């Protein structure tokens, strides 16, 4: 009976309603604190849970791509593997190198995880489901992201190990290089929406023409910005093919090599949380946030759409990881500064052009102009950056 | 004088004092980031969101990292340096005198200030509008300055040997 | 003590700490950091005055305090970059960042 | 076209991913504890001692000559020569190993012991999953654990075992013929059939009455030397 009485709107807002109902039971003096706790706990539960699911999905998916089964021993089809991993990392000995800088070594993973969680404060997970609707939400997100670099440095430096220091150097160089295009790629959306608040950005994309939504992805600058953003996000979250900071074949695990047990697990958690956060930001900026992809699908709750989109992006990350080999350091830097950065700047120009070109009957011309302005330099750049060095046939003098 | 202000002020003072007092250069910078973060929180406390987040982004994300890299690149493992200058006492005396003067000036000069006027609004939209209209010239000049500083820093910091090789 | 005064006092304290560091430290990088700290103390002044100072609504210069802080942060960033580059170049020349030992110009 | 290679790679991995649910050929993993890859005949990992007949102690071919112990590069073999003699497969009194230990945590599976053994007494096994929770004693195999029957050898390395048996039988027949020619005519016990496992056993089991230890040249020397070379191993100090 109760289920029948619930309208789709109630289902959409069910978490908000539950929170309000719970808040009503708390004395008024404690309500601000209770409200904060009630908002934070779902994030602290949902995203680590997603991390657990992602690890098993990733390992199984990568396995299938490489013609093998993934983990398939623990539980049905191996889906309890993250529980086993969690128990293992919790019960493992916590080894701290003798020469390590103990205080910094201890603080680094904690700071990293805190920074990774802070980013979720401004992400709207569903309709009316955002922790704080900050006026400068996007700026907050990137400001918190820059703390990650510092904690990576702390981890790498305090371990007093050459591998961790090299890994930290690589990670910081890469993160700083790709933070610039990441911000520039999101600037186009800020220009169009006229706000730094992520809630406003989602609302500005929530309309529909016919059955199709008004996502920023469906504009020439939007699609270019999305691609640039995703490339930069892959590098920012140290995912393959930009996983040089932890390149196993060269520096074993990078900046967190001297960590073990639970602290090591914290690094992994923070890395995946960072990936989810940047993916969520991409969803919010370009893919309409929690909005349904087609107008007749709006009866499905908004948070479901958000997590579905997030899962799709995660699967895409896994797919990319299973496909592409790791880049070299100079290729990585060259790609950031010589290709991604100019294209992101050009994209800002195109977004301005789109704004001032007339819509209406000349819409197709507007599309053509924008695509032309984007595509021509893209092709020129990519051909001019192509390595022209011919590889010689390698001969072996002593093998014969 | 509210509790958040006191906590943040204590953090800022402790962080910066540690940054100026510790022996290990990297520890100094890490302590400094604590001070900068506390300052950013103070800006937020004052209602200047944009400046607070910019502070974190620029100082914690960029300046601290730069300083740390510079310290590591100029570090001599064998060299044990005294952290403070020979005539450190003079410096401390001068700083204390400056603080005394400033504190006296503040206590005399701003006694009549209103204790809590209504909070002025500074949304990102307003700041953007102001930057694009009233402050457009300073904005352009700062842009030019930053570009010049970027190129200049690269040219100064590049190793002369590398420069010869690339030419 | 009013709120403005407490912020200004904090700012003066930070400025003095930065000054003490800049005057007493031997490592050039830490001296530069002390100068950054003094700039930050000045920023705190701007923001405090913007918040507590008298400002009638809708005046065009209502945002001057914020603007000054933003530009000051940008200038400080540029200063840090160039300053650290100069220190690196000096280090490459004299193999030290100890300011007491960079005394080749002394007669 | 730029990005063509990336698209091709993505298509390949996608085909692998979805194909793995359709065709079993794409999943090449062997689920190890339950499934095993069929071993090729030349598989080898750790040595074992061959014995003829049913009883491992009396049928052991090893005569404690200690060549393998000396040749072993990582020095993982420890042999203590017996003080008495026992009749071997053909009834000739021989020394036997009172102690024959192989530390397989040290063994590097080089097969040199097999190459140098003049009696075809030590051969390579195929048993590779030897996990144990006792890291000191568990990987130190004594002569009882090492002893495997000739039938087992036939099972794991059929071709090689047949060749060895033929050679052994020929040698024994020759020795018997020489003996017969030299001494009084006496029917040779092993008439050399090719697989030649059960017959020598029956002939060796009976003439057990110990030929009252003649105690040859150097009695007390052997146990000391190997101990000196192997005393650093934790497994053997106890």
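Per-chain numbering from 1; labels A, B, C and D assigned in written order.
Here, a residue touches a chain if its C-beta (ideal position, glycine included) is under 8 Å from a C-beta of that chain, and two chains touch if they have at least 3 such contacts.
Remember, predicted model here, so these are calculated numbers, not experimental data.
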Approximate Å spacing (C-alpha centroids) for the pair chain B, chain D: 75
Chain A and chain C, separation of their C-alpha mean positions in angstrom: 35
Interchain centroid distance [CA atoms averaged], chain B/chain C, Å: 5
Distance from chain D to chain C - Cα centre to Cα centre, in angstrom: 79
Multi-chain contact residues (two or more partners), chain B: 50, 54, 62
Topology of the chain contact graph, where touching chains are joined (line, ring, star, complete, other): line
Chain-chain contacts as defined at top: A-B, A-D, B-C
Touching residues (chain side chain B, partner chain C) in the complex: 1, 5, 9, 12-13, 16-17, 19-20, 25, 28-29, 32, 35-36, 39, 42-43, 46-48, 50-51, 54-55, 58-59, 62-63, 66-67, 70-71, 73-74, 76, 79, 81-86, 88, 90-92, 94-96, 98-99, 102-103, 106-107, 110-111, 113-117, 119-120, 122, 126-127, 130-131, 134-135, 138, 142, 145-146, 148-150, 152-154, 156-157, 159-160
Parts of chain B lying in touch with chain A, wherever the complex brings them together: 26-27, 30, 33, 49-50, 53-54, 56-57, 60-62, 64-65, 68-69, 72, 123-125
In the complex, chain A residues that touch chain D: 61, 64-69, 319-320, 322-324, 378-379, 382-383, 386
Chain D to chain A touching residues, read off their complex: 2, 6, 9-10, 12-14, 16-17, 20-21, 26-29, 31
Sites on chain C touched by chain B in the complex: 1-10, 12-27, 29-30, 32-34, 36-37, 40, 43-44, 47-48, 50-55, 57, 60-63, 66-67, 69-71, 73-82, 84-89, 91-92, 95-100
